[in-house]
Each structure stands twice: as structure tokens, then as C-alpha cells.
Amino acid sequence: MSTEYHSATGNEIALFEMAYRRRIPVMLTGPTGCGKTRFVEHMGRLLDRPVVTISCHDDLTSSDLVGRFLVTGGDVVWHDGPLTRAVKDGAICYLDEVVEARHDSLAILHSLTDHRRTLYLDRADEVVPAPGPFMLVCSYNPAYRSSLKELKPSFRQRFMTLAMDYLDADREAAVVVAETGIEPPVARQLVGCARVIREADEVFHFEPPSTRVLVTTGHLIAAGADIRDAAEACILAPLSSNGAINEGLREIAAAALATAETAFAQSVPEGGPRP
Amino acid sequence: MSTEYHSATGNEIALFEMAYRRRIPVMLTGPTGCGKTRFVEHMGRLLDRPVVTISCHDDLTSSDLVGRFLVTGGDVVWHDGPLTRAVKDGAICYLDEVVEARHDSLAILHSLTDHRRTLYLDRADEVVPAPGPFMLVCSYNPAYRSSLKELKPSFRQRFMTLAMDYLDADREAAVVVAETGIEPPVARQLVGCARVIREADEVFHFEPPSTRVLVTTGHLIAAGADIRDAAEACILAPLSSNGAINEGLREIAAAALATAETAFAQSVPEGGPRP
Amino acid sequence: MSTEYHSATGNEIALFEMAYRRRIPVMLTGPTGCGKTRFVEHMGRLLDRPVVTISCHDDLTSSDLVGRFLVTGGDVVWHDGPLTRAVKDGAICYLDEVVEARHDSLAILHSLTDHRRTLYLDRADEVVPAPGPFMLVCSYNPAYRSSLKELKPSFRQRFMTLAMDYLDADREAAVVVAETGIEPPVARQLVGCARVIREADEVFHFEPPSTRVLVTTGHLIAAGADIRDAAEACILAPLSSNGAINEGLREIAAAALATAETAFAQSVPEGGPRP
Amino acid sequence: MSTEYHSATGNEIALFEMAYRRRIPVMLTGPTGCGKTRFVEHMGRLLDRPVVTISCHDDLTSSDLVGRFLVTGGDVVWHDGPLTRAVKDGAICYLDEVVEARHDSLAILHSLTDHRRTLYLDRADEVVPAPGPFMLVCSYNPAYRSSLKELKPSFRQRFMTLAMDYLDADREAAVVVAETGIEPPVARQLVGCARVIREADEVFHFEPPSTRVLVTTGHLIAAGADIRDAAEACILAPLSSNGAINEGLREIAAAALATAETAFAQSVPEGGPRP
Amino acid sequence: MSTEYHSATGNEIALFEMAYRRRIPVMLTGPTGCGKTRFVEHMGRLLDRPVVTISCHDDLTSSDLVGRFLVTGGDVVWHDGPLTRAVKDGAICYLDEVVEARHDSLAILHSLTDHRRTLYLDRADEVVPAPGPFMLVCSYNPAYRSSLKELKPSFRQRFMTLAMDYLDADREAAVVVAETGIEPPVARQLVGCARVIREADEVFHFEPPSTRVLVTTGHLIAAGADIRDAAEACILAPLSSNGAINEGLREIAAAALATAETAFAQSVPEGGPRP
Amino acid sequence: MSTEYHSATGNEIALFEMAYRRRIPVMLTGPTGCGKTRFVEHMGRLLDRPVVTISCHDDLTSSDLVGRFLVTGGDVVWHDGPLTRAVKDGAICYLDEVVEARHDSLAILHSLTDHRRTLYLDRADEVVPAPGPFMLVCSYNPAYRSSLKELKPSFRQRFMTLAMDYLDADREAAVVVAETGIEPPVARQLVGCARVIREADEVFHFEPPSTRVLVTTGHLIAAGADIRDAAEACILAPLSSNGAINEGLREIAAAALATAETAFAQSVPEGGPRP
């Protein structure tokens, strides 16, 4: 897959740049696979800053973030963690899926996200002020409504929030074409299929297919797979392990694949009216 | 037992090859014992790639996957884990029963399953880009409906899904014959017995007998056991520890063993019509 | 106590031998104290294989099974655990009360119980194929109906199941006589008492007295204790700590001790009719 | 306090000796402070065996029982735990309040309590057969009805059970006099007070006062305290922290202290009739 | 603040001395801040014994109490913990807020609180008999009614209980004056305010203000604060974070501050009648 | 952002100074972002004492506070933690968000907050009396009504409480202007918007926007962002991830931004009446 970023509107780029200039931490929200990680990588290139990515998970300790003592040659020597290295390098530090992290691990970020802009390494007895270009970026998907995993509002208030979403149908189809080389009408069929499933998301209880999923489907089609087999394997199968729901989705998806061109015609009239 | 793979339709081999060529991770689903592990070993031989198998369980840490520091000769030296070795070797890395793993251990796979195709070893301060032939394959059995152990949809979306199932009756009986050397009519009796239990699976709450179970039963019969004793020890006994349910199953199984030939006659007419 | 095995029917010996010849893992089920451990020791002598016994419990880690690194002379050296030693020696490895083990510890057994017959020591980076005579035997008591402690059906399917049970009344009394040297009529009284309690097991909620308990009771009687004191101390007291239930049981047991001879007369007529 | 044992009936001594001769493990049950620990110490002197006492608690690991590796002079050396030392010395090993231990720690005892009479030290790779005089004794108080802390019946069946209880009133008063030197009528008042509270135990929900508590109360009286102050501080105060219940108990206790002589007169007529 | 002890009645001093002479462990109960810690320090001076204080908390392990192995100069050397040091020195060992400790940590105290008076250091393989002057004192506040944190009755029975309470109004006011130097009428206002809140304690659900709180309030007044500001900051604010309850308390307290002199007049008539 | 402190009334400065002179620990309460941290830093400068800040979290152990043994050059050497350093230096030790800490970690503070003013380092076997200028300050936000995370009243009683709140509208707008350089009318619009949301706080269930949030919003506006975009990204987005509530808030905020000038006119008439 290519690593190009496909902007939805351009507005998020301007706001990110303002936050960078004013040293405001940024929180990216939006559905899985809508391009948050690519956006941060894109901004790193635009602002000419390295990006240090940290995938958050339940077991991520503050030591994993800031560093720990390791035994080397008989002595105990401090080794900076990725967050500490990002602060010292003035990098963009990107905490992916921050809501997955243990909340106590996040407390270490407080002094970096207020007027102090400083990392306190209590165990190493060191204080690291963040240089000007250092920037903290986090992301999470608010669609997951797990009470255990909700970010605290006081934590969210430390950030400017950029709400991201799926691309519109035309842009999304263009991305699938550009990434996989399949024919535009086929790409539009896939996008149409994804969009009806996304609309059904509120009734059924699942994570709708992302642009990344459509790109994977396109790759399979480009490799010779039948469009229905590819949609089954990449779009429908991951939605649910409950057979009953899958049947309903399968009908919706089949109808969508059949009527996708029409849907595009209605929602994205291009080059004149269609009947 | 032999290690030969018995393909159900051949379609899963073609799709797996497409995924390999397009560097798409693969998720195998299907009931326990339907041949997922053998299929991956078979594809490894077909694609001429080594297969690194990791059995997932509750206690599998990300250190078990990627590696850890060990003390050797007084110093602390990093040792790659099986996942890291598989990435560096461009192998097929097979995570068996991935749903059993702690979800936080799986976060390490995110950067390997999107456009980055890279393993970040934060503790070793090393970045390992996956070479072209590296492929990640996972498997799980969606029939287990434990809310605690459900794979996240956003994780499942990172993979192309190949849904595997039991062989059809003829192929399954042929496998039992080929593996154990029992007579074909006896093998068909065992298959018929397994199929009625599989159909009853939605009423009772148990894991139905797999092809592997039938092969074990066949081995016992080949060693001289009575067919009913063997079916009791290998097919019926593992189904449930609840006596009441076992009585019902025992009747169904006994009837199935008696009528198996007929059932085959109806579902698999071979060499002309049967009354 | 002696270590002799008292076979119930002889059928379990034949099935165990078949499983050994066909390299099928064996699962022994049955009530506590019905002779599962002695049976495995007996088969070890019969097949001339050493038996490595591992008592399973909640805290048994996979490291306890397969081995771990230990510091010796400044270096870290791998030490095989009992399972690894059993595999390398081609022994019979007996996991007693396997249902007590943490389920994640059992995942290490998967590759030993399918066509691979191989132990993967990921941490030691070693692969150990099991030699021909190696055999895995597990045991558990299905009467414990704890949802937390239920073996997974997919695990049980990896084994041939041998369902063991208490001996019939005559054989059980003979065992008590042989082990303790008490008079046969006294032994029959104890067996009769145990059998009425076992029948009452479904109403009350307790573990019924095993043959081992009767042997212990017999030892106490042989040492001079009154039969009622011995039955109270060894049979009744362990049944429940709830006084109310104990009263009911005590009446049943007292009646059983009194009528045991009669019960035997009816169920086991020996040497002519009794009134 | 003295360490003398005050036998209730003498029967428990005879049964314990039989169990010792026949190598049967013993389980002592009975209320806290009724003399279980002193009884074991008494039997150790009688049988001329050392007693190794282990106080069980939630955090007692099997390593605490059997031993562990310790670093000495740079090397790792195995150190036997108290259970292993007791087995090797042929001592009486006394597990006090065994129900408090984690159940998984108790699995190590299984092979010591059946026909094997052997301790398996898997980690040290050592097998320790128990010499003839070794004896395992456990104790617990069945009055605690915590479902989490109930001993498994299959564990209790491994032991001969000796149910102990408070001494009868005369003996208990004699013990208090012998231990503290207070006047017999005062001791009888204390015993009478304790007995009415023990009877009320089923209505209120508390642990009734033990002989040890009465001895403590006697000591305080011998040191000059008023009988009512001493009873308040040692008998009533520990019963409950709930004020309401304490009021009811205080009235019962006050009445009992006043009428104790009479109660004794009725239940233990000594030296002629009393009005 | 000064460290003087202000006795409520003198009775607790006499009982403590008796317990010391008879080697009975002592349990102090009573509300937070009523002077338990000062009382133990006072008794230490009176009996000329050092006091070793251990603040109990959830994370206090038995190793923290008795000692542990530490690496020094390459070897592992045992270091006594504070409890072991106290036993060896024949000190008064004071476990403050013992109910906070993990119950399994308290099991180590059993053999110190019965006739054995011995500390068993299983890990160090050492047995430490307590010398005559050693005394164990614990404290806890029974007003906390947390089921998880209730001391077991069998544990409480090992101690003589001294129930402590707030001083009477006159003595309490005298303490506040002596400690802070504020005017007696102001001190009486504070005491009156505290007493009405303590009476309201059963309706509202909070910890009432202690003498220590009144001393703190007095210090603030002595430093120049307004009596109402000081009472708000030290007495009312800590009571509850629930605004609604605070309003009710504030009215009660305001009324109490206004009528305190009168209340004193009624409950503590000194130097003649008041209208 | 600047680090200046903006006093609400001046009263909290006077009370803090009295507490400092009288060595009374201080507890700061109030909503997130109202200036508690800045206030402590301000008082440190005023009293000429260093401030040691410790951000509390679930994983903060008492070792993190007081220190631990570390291996250096083969030996184990004690390293003071930040609390110990603060005590020894006579600094102001500030425990930020103390309610987040594990309660057992807080027990170490008890002896520092009563008449002892002493830190007991049991593991290092050291007793550290606090010098005169040492001061302990804690903060927490009582608006969080998590029962698990409620500070114990007996802990709160150890402190003088200073209840802090948001600035009044004029001062708050002045702060936003001073910090960000935006026009006063725009700052007043933001303050008005925040105030209506704060009032709606009791109906909806969220953390209202703090002054810090308004300063961030102002920075974004100063960087060129539209006021509505900035308010959306910094004020509204962090309030809730629940779309439905956000719609209601968005209407309230939009109305507030529109009518803010009027609201100011009514609540803060300056320089003459407004219509």
C-alpha cells in the first residue's frame, strides 16, 4: 500500500498547523481506518518534524513511555523511553488509540500538556523541558462506548480536538483506485457497499468497514478475485461472528453492490444528470 | 497421523495465494479441528516459505512475541522472540487461536498489518520493516461466543478472512480411511454419526466432533476396538460432562451409526441411484 | 497403604493399550479416589514406561511444565521442566486433576496432542518431537460443576476418554479387606454405607466417599477404633461442614451400617440364597 | 500462659495415636481457641516427634511450603521450606487454619496424603518419600461459612477428621483457674458468661469467646481488674463492632455473670445439692 | 503541636499497665484523632520501653513486617523488619490502623499473641521468642463499616480491647487552649461546634471532627483567621464533598458556634449556675 | 502560556500563609483547570520555598514517593524519592490530584500530617523529622463522584481545606486576554460560553470547560481560527463523546456566543449602564 495522505477538506491541516505554532496538544477522533495515522505522518513531513508513534494498549506502563533502568556491564543505567526521546528531539509524539492505555500511564502526560510543557522523570531524578517544536498528538475512536475505556473529560480538555471522518464517496473511490489500480466503477461499487453498511451501523452493533478495508478488497480484486468473494472476505466477514446478523448484512451488501452505480449517480452527480 | 492437507474446494488456496502476493494478512476462521493448522503448513510448502507457529494463550505477553533481554555472561542481551524472527526471516507467522491471546499483546501487530508493515521493538529501540515475503496468518473459532474473548472488529478488519468448514461427507470419510486404514463403510458410519451431532449443535451447547476426532476414533477401531466403544470414548465422551445431555446424544449417535450408510446413500449418491 | 491396582472390568486396560499403540492421548474421568492415579501407575508397569506425575493447580505456569532459565555460576542456563523431561524420555506424562490448571498453561499441550506430537519451547528456542513411546494422560473429575473450571470441549476432543467409576460392591469390599486386613463383613458394612451416600449425592450437594476413604476407615478399625467412630471420622465428617445436612447423612449412614449385610445379600448373592 | 493441654474426653488422643500408627493424615476441626494447637503440641510430646507449625494465610505460596532457590555467593541454591524439612525429619507437620491458604498451594499436599506418601519438588527436580513417622495434621474452623474459603470435600476426604469442641464447664473453669490463679467461683462466672454467649451465637453472627479469651480475662482479673471491666475488655469488646448488637450482648453477659454460680449449680452439681 | 497526652479518665492507663504485666496484647479502638497514637507514646514513656510504630496499609506485606533478604556486596543477607526488631528489643510494637493491613499479613502475628509468644521467620529459618517486656499494641477505628476491612473476630479475641473516645467537653477545650493558645471561650465554641456535628454523625454519613481537627482550627485562629473561616476550612470542608449535606452541616455548625457558650453552660456548669 | 497566577480574591493567599506559619498541611479543592497548580507555584515564589510536584496516579507506589534501593556498582544503594527529598530540603511538596493515588500509598503521609511531622522510611530503616519550612499540599477535584476514588474523611481532616473556584467573569476574560492577546470582546464571548456550559453541568454529566480551556481556545483564535471552529475544537468536543448530548450543548454554546456580550452587560456592568 502507498503511504499518501488523502485530505478530506484541508481544514484539519490548517488547524493542526495553528496548534503546532501555538504549542497546543492535538487529539484526533474518528472511526478506525479513516486515516488518522496517515494524517499525522503527513503533518510530520509538512512541518519537517520526526514522528514518534506509540501504539497504546492495556499493558503500556509509564516506564514503557519514559524509560527504565537496565543492567549493562554490571551497572544500572537509565534508558530513555520513546516519549522521553520524542521530547528531547522536539519530535511529534503520536499516541495511537490512547484510550486503550491504562489511565495511570497517562498521568505522566499532564505536565507536558499544560503551561509547564515539562516531563518529570521522577525515577531518573531528571526534569526535561520540551523544546519549542515538540508536539503531542493523541488519537482515539469515540465510537467504542466502553465505560471502562472512556477518556476522562479533564484529560480531553488538555487537547484541541480534530474530529475526522470518512472521505466523501468520490474521494474515497479515487483513493481505492489510486492505491489498487482497479477500475473506477468497481471502486465505486465497493464504496457504495461500505456506505450502506456504515448507515446500518446504528441498528446493528459493529465497526463499519473503513477505507483501509476497501483498499484491501481492491487489492484482492486486482489480484484476480471475484468482487463478491473479495467483499465477503474483506468487508463482510470481519463485521460479526454472529451468523444471523451476517445474513442481513449480506443482503444489504449484495443490494448495495448491485445499486452502487445508481447511488453514486444520485449522491455524486458528475458530468450531467442521470435518470 | 499423517500431515497431508485435504482441501475442501481449492478456493481457499487461490485466495491465500492472492493475499500472499498482495501482502494482505489472512484470518482463518472455522470450527476446531477442521484443518486450519494443516492448511497453513500446506501453504508454507506450496509458497516455499517457512512457517513459524505460535499457540496463543491468556498468558502470552508481547515480550513472548517480540523478544526480551536476557542476562548472559553478566551482560543483558536482547533475544528476538518468534514473531521478530519470523519477520526478519520473511516467514509465514501463524498465530493459532489468536482470540485466546491477551488483547494488549495483539497491539504489537497493528503496525505489521497496515501500510507500515513494520515491527516496532520499543524496548530494544529497533525498527524492523517486514521483507516482501513475510506474511501474518491468524486463526480463531468464531463458535466460541465468549464476550470476554471476542476479537475486536477493528482488529478483524486488518485481515482478509477465509472461512473454513468441515469437509463434505465423502471427502471426510476418504480422509478417515486414508489416515487410519479402516474400511470405507465404517468410516462413513463415523462421518454420519458426526454429522447428526453437528446438526444438533445449535440445540445442545457444545463443540461438535471434528475430523480430527473421527481420525482418532478410526485409529482406535483399527487397533481392534468395537465401533461403539470407540465412538463413545472419542466422539461422545468429550461432548459434555452433563449426564442428561449425554443420554440424548447417545441415542442420536446410536441411531446415526445404524443409519449412516443410508444417509450416505441419500446425500452422496455414487455409482448410480439408490432406493 | 499398598499400591496395587484393582481393575473394575479389564476393558480400560485394553483401551489404554490401544491408545498407547496408536499414540492417542488419554483422558481419565471419574469421581475422586476411584483409582485413576493407581491405574496410570499400573499401566506404566504393564507397558514398561516410566510415569511422570504432575499435580495440576491454579498456580501451575507453563514454565513449571516446560522449564525455565536459572542463574548458575553467573550465567543463565535452561532447565527442563517435568513435561519436557517426560517428552524427551518417552515417558507416560500424567497430569493429575488437569481441570485445576490454568487454561493458558494447557495451550502448551496442543501441539503434543495433534498430528505434530511436538513440544515447542519458544523461550528456549527449541523444538522437541515426541519419541514413539511418549504418551500424555490427563485426569479430571467431571462431577465438579464449576463453570470457571470446565475443560474446553475442544481440549477434551484431543483425547480418548476413559470413564472410570467406583468398583462394584463385591470388588470394593475385597479391596478394603486386602488393603486393611479387616473382616469381610465389616468391609461390606462400610461399602454399603458408602453406596447409600453415593446414591444420596444428587439430592445433597457433596463429594461422595471414595474407595480410598473406605480404606482409611478400615485402617482405623484395624487399629482398634469402633466402626461407628471410624465411619464418623473418615466418611461422614468430610462430607459437609453444614450441621443440618450432617444430621440427615448420619441417619442414612447409621441405617446403612445396620442393613449393609442385607443389602449385600440382595445385590451380591454369594454362596446360596439369603432370606 | 502455660502450655499444658487440657483433654476434653481423652478419645481424641486415642484416635490420633491410631492415625499416627496407620499413617493417616488428621484434620482437626472446631471453634477458634478451643485448643487445637495445644493438642498437636501435646501429641508431639506424647509421640516424641518434633512439630513443625505453619500458619496458613492467603499469601502462602507452595514455594513458602516446599522451598525455593536463593542466591548465595553468586550461585542459586535450593533451600528447603518448612514442609520439606518436616517430611525429611519425619516430623509432625501442622498446617494451622489450612482453610486460609490458597487452594492451589494445597495441591502440593495431595501426593503426601494418598498411598504415595511422597513430596514432589518439581522445581528442584527432587522426589522425597516421607519416612514412617512423618505425619500431616491440618486444622480449620468450620464455623466460618465463607464460600470462597470452603475446603474442597475431595481434600477433606484425604484426612481422618477429629471434631474438637469447647471443654465442658467444669473442665474449662479448672483450666482458667490453673492458668491464671483466680478464684474458682470467679472462673465459673467467666465460663458461665462465655457459655450463654456461645448459645446466642446462632442468632447473632459472631465468633463466640474461646477458652483462650477466658484465660486472658482471668489474667486481667488476677492483675487487679474488676471482673466486669475485664469481661468487657476481653469477652464483649471483640465480639462485634456494631454497637446495637453489643448492647444486647452486654445485657446477656451481665445477667450471665450474675447467675453463673446458679448455672453451674444446675449443670455441674458438686459437693451436694444447691437450691 | 505538642506531644503531650491528655487522659480521658485514667482507667485506660491502669488497664494498659495490667496487660503489660500479664503480657496480654492490647487493641485500641476509637474514632480517628481521639488520641490513640499519643496514648501509646505516653505508655512507652511511662513503662520506659521504646515504641516501634508501623502504619498499616493495603500494601504492607509480611516481609515489610518481619524482614527480607537484600543483596549486599554480591551476597544475599537477611535484614530484620520493624516487627522483628521490636520483638528482639523487647519494645512496644504499635500497629497503627491495623484494619488497613492485608489480613494475610496479620497471620504472622498469631504466634506472637497466644501462649507461644514467638515469631516464626520461615524464610530466614529463624525462631524468635519474645522477651518479657515485648508488647504488641494495635489500633483501629470501628466506625468504618467496610465489610472488606472488618477485622476477624478470632483476631480481635487475641487482644484485650481498650475502647477510647473523645475527651469530655471541658478537657477537650482545655487541650485546644493548651496546644494553640487561643482564648478559652473560643476553644469552647469550637468544641461545642464539634460536639453537635458528632451527634449528627448517625444521620449523615461521615467521620466527625476529632480533637486534632479542633487543635488545627485553633492554630489557624491563633494565626489571625476569623473563627468562621477557620471552622469552615478545618471542620466543615473535610466532612463531605457532597454540597447538599454541607449546607445542612453549615447551618448546624453556625448555630453551634453561636450557642456554644450556652451549651457549655448547661453541660459543664463550672463555678456556679448560669441562666 | 505564561505562568502568572491570577488570584480570585486574595483570601486564599492569606490562609495559605497562616497554614505555612502554623505548619498545617493544606488541601486545595476545586474544578480541573481553575488554577490550583499555578497557585502552589505562586505561593512557593512568595514564601521563597522550592516546590516539589508529584502527579498522583493509580500506579504510584509508596516507593515512588519515599525512595527505593537501586543496584549501583554491584551494591544495593538507597535512593530518596521526591517526597523524601522534599522533606529533607524543607520544600513545599505538592501532591497533584491526590485522589488518584492508591490509598495505601497515602498512609506514608500520616506521620507527616500529625504532631509527629516525621517520615518513617521503614525499608531504609531511617527516620526523617521534617524541618520547620517543610509543607505538604495536596489537591483534588471533588466534582468527580467516584466512590472508589473518594478520599477518606479521616485523611481530609489532616488538612486545612482551601476551596478554590473559577474566577468571576471579568477576571477570567482578563486572564484570557493577557495570556493570548485576543480582543476583550472575543474573550468575553468565550467566557460567556463557558459559563452557560458550567451552569448546565448539573443536568448533563460532564466536566465543564476550565479557564485553561478558554486560554487554549484564545490561542487558536489568535493563530487565525474562526471563533466557532475554535470553540468547537477546544470547548465543545472534549465535553462528551455522546453525539446526542453534544447537539444540545452546541445549541447552548452557539446561543451563548451570540449573547455573551449581553450577559456580560448584565452581570458585570462596567463604566455605566447598558441597555
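For clarity, chains are labelled A, B, C, D, E and F in written order, and residue numbers in each chain start from 1.
In the analysis below, a contact is a pair of C-beta atoms (placed from the backbone, for glycine too) under 8 Å apart; a residue touches a chain by one contact, two chains touch by 3 or more.
Note that the structure is predicted; figures quoted are calculated from it, not measured.
Counting hops only between chains that touch, chain B reaches chain E in a minimum of 3.
Shared contact partners of chain E and chain F: not a single chain qualifies.
As for how the two copies chain D and chain E face one another, under half of their interface residue numbers coincide.
Averaging Cα coordinates per chain places chain C and chain F 63 Å apart. Chain B and chain D have CA centres that are 54 Å apart.
Touching two or more other chains at once are residues 71, 74 of chain F.
In terms of inter-chain touching, the protein chains here make up one closed cycle, each touching precisely two others. Chain order round the ring, anchored at chain A and oriented towards chain F, is A, F, E, D, C, B. Against chain E, in their complex, chain D makes its touches with residues 1-3, 32-33, 37-38, 53-60, 64, 70-74, 79, 81-82, 96-97, 100, 141, 206-207, 209-210, 212-213, 216, 219-220, 222-225, 229, 233-234, 237-242. Across the complex, chain E meets chain D through its residues 11, 15, 18-19, 21-22, 24, 27, 29, 61-62, 69, 71, 74-76, 102-105, 107-108, 110-111, 114-116, 120, 122-123, 125, 142, 145, 150-154, 156-163.
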